[in-house]
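Shared chain: chain A. Partners: chain B in the first complex, chain C in the second.
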Partner chain A sequence: MEGGVARRREFLHRCAATAAAGAVGGGLAWWAYGRQRPPRPADPVSLAGLDARFPRPDLPGAPVLVVARDTAIADPRGGPVEAAVIERMLVRALEPLGTMARFVPRGGSVLIKPNAAFAADPLSGAIADPRTIAAVVKSALAAGAGEVLVADNPIAAPAFVFDRSGIAAAVAAAGGRVVLPDERGFAPVRIPGATTLPPWPAFTAVLARADAVIGIAPVKDHNLCGASLTMKNWYGLLGGNRSQFHQHIHEVICDLWRLMRPAAPLLILDGTRVLMRNGPTGGSAADVVVRNTLAVGTDPVAIDAFGVTLLGRDPRGVKYLVEAEAAGFGTLEFERRMREV
Partner chain B sequence: MARTHGKHTVSPAERAAGIALLAALAGFLILLAVLDKHYDFEAVMHAPPAPAEGADAPAGAGPAAEEMLPAAFEALGWTRDGDIEVYPEDRLFEKIDGADERYKLYGNRRLLCGSYTGGDDGRGRLDVFLYEMRTPLAALGIFGRERSVGAAVVDGLGDAAYAVHGAAFFRKGAWYVQVKGFDEDAAAASEPIARAIAAALPSGEAPDPAFALLPAEERVRGSERYEPKDSVLGTDFLTQVFSADYGTGGKAVTLFLARCGKEAEARRAAYAEYLKRQGKVIEEGVLEGASVTLMDLDGSYDGFFAEGEILAGVAGAADQAALRRLLAALVRSVRAPGAPAAGSGSD
Partner chain C sequence: MRITLVRRLWQAAFLGLFLYLAFMTAGLAARLGALSASASFFLEIDPLVALGTLCATGALYHIGAFGLAWALVVFASALLFGRAFCSWVCPFGTTHHAIGSLARPRAAEDRCRRNAYRPAQGLKYVVLAGFLGAACLGAVQIGLLDPLALYHRSLTASVFPVIESAARQALPGGLIYAGETPLFQGGWLIGAAVLAFFLANLALPRFFCRVLCPLGALLGLLSRFALFRIVRDESACTDCGLCRSRCEGACDPGGKLRQSECLACLNCIEDCPHGALSFRFFPSGAGARPRPEVRDRRLLLGACVGVVAAPLVRLGGGTERAFSPAAVRPPGAVEELEFLKRCIKCGQCLRVCPTNVLQPALLEAGIEGLWTPILNMRYGACEKNCALCGQVCPTGAIERLTVAQRNGEAPYPEGATPVVVKLGTSFFDRGRCLPWAMDTPCNVCEEVCPVSPKAIYSLETALAKRDGTALALKLPRVDPSLCIGCGACEHACPVKDLPAIRVTPAGETRSRGWGTRERGLLLKG
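Our next item is the complex of A and B:
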């Protein structure tokens, strides 16, 4: 009996030793394998704190959308709108919303996110007009902003895009600064309530620095989502190979508003020139019409619904706007909450 | 029977257990090696590109990029600003994010880009985009899809061309070329530069014999379109749609045909149902020997018929007389092809 017990004990010891050796060997192999894998992304961050930095003063009875037009001096040849005209339209449009001072914390950092997706001529209608961006930079600084940063993530050659489009020069002349995207400025973001967008790299460096955010979008046709306006503009904050979301672009646009909503950004729709077809890149001057219209608001669904009408289309034909209204992000019935100045 | 190793005695059960553990460890290491070879994030994230219609052009065909986008168009006084950019189909989004899917739908091979400066004071600017599509038909398709309404047809530039202020667009073989600018210098130089590029491009085969089934008479020159998935008629069930505009003034009428294979009759029925949601049938009868359906779509008149593996029709006629005339011409053309190929017709 004792001999049998001893053998069993020895057997178990040997099994344990073999298993331990296997575990050590396997662990070393796993460690070696892990060193060869692509690096695991950092834990996603949340930007939920954006809303607490600058509580915007209430303004009872304020419209959610203000539209300014200046068609009396439109260039019939479709040339650039004068900067002074845009500045006047901006001041008029902001007045019913409580002026720029309501949206800009005194001494704070303001982030302007224009649509600067392509190295395109502003006359193409494919990007926000540099004159409009400059007007907003000046307005924010005049309202007491400590700094105004302008940032977007055009995928290829960001410096070239900002230079070629004229945005870099216009921003510098207005007193702002262009922040170029750099991989160190991106971190994976987890969006609370997101339906489609997984934790994904976004240009968090500029968002984390901002006390207030302003989006400036052109009005343009879009091959995938029908219309590219203020809600689609936030797509430009994404990094990585974001083209893989093209098949779910409507859902991703709504998810991006879930990201930005806590920051309650001021939304500006640059309808000075409208890209009616062949968007989002545009083809030629024949695809563009001059509207000399500037819309300013806080309701992304309302302002974008108005923008769709500048394209001569029905807002209810744009899927992401219908989904955004259903999600409670705003109203497609913009006429009720709009004021024309 | 137990065996002795050194001072230890190894029983058969111990030996079997040891072998099993070692085998498990070896299997684990092999699994890791296999996983390591197959763990490819890019392969997981990317959808494969859609197969192109028709036969591909041979890989690497065509002149060198420097021949098409030279460092300077010296005779014209324009100089390239920067290097030539090259984007294969799976990286098109880096240059034309959002529009890239439009090109993938038709089948793209790559995009070459060059930016040029020149003009009277050297401050004029032109961007040149050369899309190498997978087939001449793909080039025709994207060219027609992006064509600006009312743009002027340019003769003798590639296989088909048009121009708007500051820009010229043409297709030649499997290439679709955009020479785009907005200033006055660009307006003067875009077409000459386009011609210089066209001279460097190889000729291609005719896009598709299907266009010969559309009547030549009254066809608006340069209006031919091809859609892998219908975006002209507004259906979601028609594919391989060939169309062109007709008329010598006023509102253009579209004549189309869709390759349906054995589904032609089913597609005809589906198309009838689709149109009935928008209007009413005014006649189901025989025209030129074909069974046709004529529709009144709230003041606009459509008609269609199925013939063999083809669904063909007229969309947007101003009155019933025009509808009957064009539909009869289409029936004759489908049944007895021989009309001139794409590119001929009236202005």
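Our next item is the complex of A and C:
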């Protein structure tokens, strides 16, 4: 019965094939059945340890705030300040703080966070002056930095902001590198001790890479929080729907410092020109006053309090500064720890 | 060197140049200084763009030298070489050519059958007549099918974004960030249309060029005057039909040559085993059909449909009386009816816009305004220190303003009183606004307002909370005389899905001085 053997073999083959197909389908269903939930959002990362990478040498008796003024650069028409003059002021101001070398690890990565919020002309006072940024880039490289990254997440379209403001060209000429924000570079971070901000997307691609951080802020009027200075500047290292911050703006600004505090950033306040009104965007030459002042420091409350006086106002009238002092971030009595050079 | 190899090199060079220019038109790339040579070059040499806007406006647009008068170069090439533009220069044609070549069947007879003349090829002349008929009544729709406008729009709104999105998923970020990928509303539709045209080559090689292309039709009509054309030596010809095996135009080179269909690709000369075909200067008129095979009454019918369609699409009044609140036009855009006489939907403004706020309209500006540029603040906001869209517009639908002219710091035109260009006006939706409706501080709109003094201001108002405790809240308002309609407020509003402040065209400056002031808002200012 050869035909019978063949039929039995075919029967077994086909049964095996059917069983295998059923097993594959069933197995796939078994595997997929337990996976019906959407993936959970990424766990917030911690930036703790930012401080441990570069132990900054102590300098007993150093001031927390140094202010350099240069009357030689006064331009009554409010034209641009010469780059060489700004570089001179920067060197002078950093001297009592132990020079740039104290803030820059040899061979390390330095992150500069300028205020590049808008696609504005630097003369408008709405952004950090490209000449100041370039001076800091050069200074950091001269002090031995391995690389200098310049990054901000502007309010306006990023590439256009860096181009239109002249920051991109100035940074490239000084030997630094602009890093444009891109959602791949952001991850949610947990801010230790935050009172208001939940875990929020931050520009971790540059933050996690940096061995040292330098903030450069202009001195600006601000419609909602009074003044935009170095503490408000850290807004630009966050992503997401930041428009929600304004519902608790003072608390959020304090939380921004809680995020940055471990990095012990060098703070630079660019008071060469000051946006007196219509901030933070400006838009008219009439809103700007030339002050020819550059302040550097390590105490955010002191340096910002000094900045408020450049606006001709009382630092105690800025709510987030009062809250920051109460939280122990620094002192509003900046005159006692300030040195003028 | 074989003449067809020379042709392929030309095609590759022009396709490469077109893709390069289109890519470099992006706002990001513009800062590299390549903007001075945008893809406008291709649109300016396009005689259909010149003729279409000429029919509508009675003028050839130019800023500085030549502008749309460059079309005379292609016009002259048609008088010399017929439709050589189609198979030597046109980047869209080259793309179809390449796809058709990849899909070529093996058997010689199958190839020849696909390249036989079809009566459907007369359709493009009717399409051309329809577009020109509509253009004469002020509705320029040539950009729907003009191959250069269509291709540039498709690259901008679908091809480049698809490539960029895929590259982003595939590549790790590192520190080489290019910013966000620009995205375009309805990009899928623009992409599906061009994909359909590409795939049609599998059924009929060069379907678009042979059957639909209105630019090809225009050049086909001109090619009856061509001084050079394919000539067949009847004594050497054996009627084997192999000349059709790679014939791009389906123009019957082995019979009575259809001059209006011949793309001067010169493949037939190479494919003829008997050396019976040649491309000659001033051949005798015998042995060719100089005119397209389409009956005059069909052309007349096409033109009539176009003439009727122009007022038909405006019957709803959406471009005039009942103008849409969603159609906020870019800075420098001319008054709406003039705009529709000029815009060829090429999408260069969309590509150059650095904030991605410029979007191809779907039905916001009426069916007539399909794929014309409008602002959608969900994607971005119009940057006050920018006037790039007008720099690339080849037809003057968006005028070439400087930033100073746009901001009212310099006169436009020369000698006029400077005017701040307003795109529209912001209006609060108090029911959705956090301070107004929900007793919550916010005022982001005021923060980002870029004019000085700010068009959005707030007054601190004493209120009581639900439990009766006192609350001092800043309540924002718009000063319409200062608002420029840039949409920075709408874009930044934390109420993302339907923002609590929105820009509509009411009060836009482009309608000022056009008699009716239909879209005006304030009597003064």
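Throughout what follows, the second predicted complex is superposed on the first by the 299 of 341 C-alpha atoms of A that agree within 3 Å, B and C clash if a C-alpha of one lies under 4 Å from a C-alpha of the other, contacts with A are read in each partner's own complex, and residues count from 1 in each chain.
Here, a contact is a pair of C-beta atoms (placed from the backbone, for glycine too) under 8 Å apart; a residue touches a chain by one contact, two chains touch by 3 or more.
Please read these numbers as outputs of a predicted model, since none were measured by experiment.
In the superposition on chain A, contact of A:Glu10 is made with chain B only, not with chain C.
Legend: residue contacts after superposition of the two complexes on their common chain; A:Arg336 is shown touching neither chain B nor chain C.
Of the two partner chains placed by the overlay, neither chain B nor chain C lies in contact with A:Arg316.
Once chain A of one complex is fitted onto chain A of the other, the partner contacts of A:Arg106 are absent, as it touches neither chain B nor chain C. Of the two partner chains, chain C is the only one touched by A:Arg184; chain B is not. Of the two partner chains placed by superposition, only chain C is touched by A:Ala168; chain B is not. When the two structures are aligned on the shared chain, A:Leu149 is found in touch with chain C, with no touch to chain B. Legend: residue contacts after superposition of the two complexes on their common chain; A:Thr18 is shown touching chain B, with no touch to chain C.
Looking at the shared chain after the overlay, A:Asp121 reaches both chain B and chain C.
Chain A uses residues 118-119, 121, 155-156, 160, 164, 222-224, 241, 243-244, 246-247, 278, 280-281, 283-284, 286-287 to touch chain B in one structure and chain C in the other. Interface of chain A with chain C (complex): residues 118-121, 149, 155-160, 163-164, 168, 177, 179-185, 205-206, 209, 222-224, 241, 243-244, 246-249, 278, 280-284, 286-287. Every residue of chain C that touches chain A in the complex is listed here, in rising order: 27-28, 31, 168, 172-173, 175, 177-180, 354-356, 380-381, 383-386, 434, 440-444, 446-454, 458, 474, 488, 492-494, 496. By the touch criterion given at the top, residues 8-9, 11, 13-14, 17-18, 21-22, 24-25, 28-29, 32, 35-36, 39, 41, 45-47, 82, 85, 93-102, 115, 125, 127, 146, 148-151, 164-167, 169, 178, 180-182 of chain B touch chain A in their complex. Residues of chain A touching chain B in their complex: 7, 10-11, 14-15, 18-19, 22, 25-26, 29-30, 33, 36-38, 117-119, 121, 123-124, 155-156, 160, 164, 222-224, 228, 241-244, 246-247, 277-281, 283-287.
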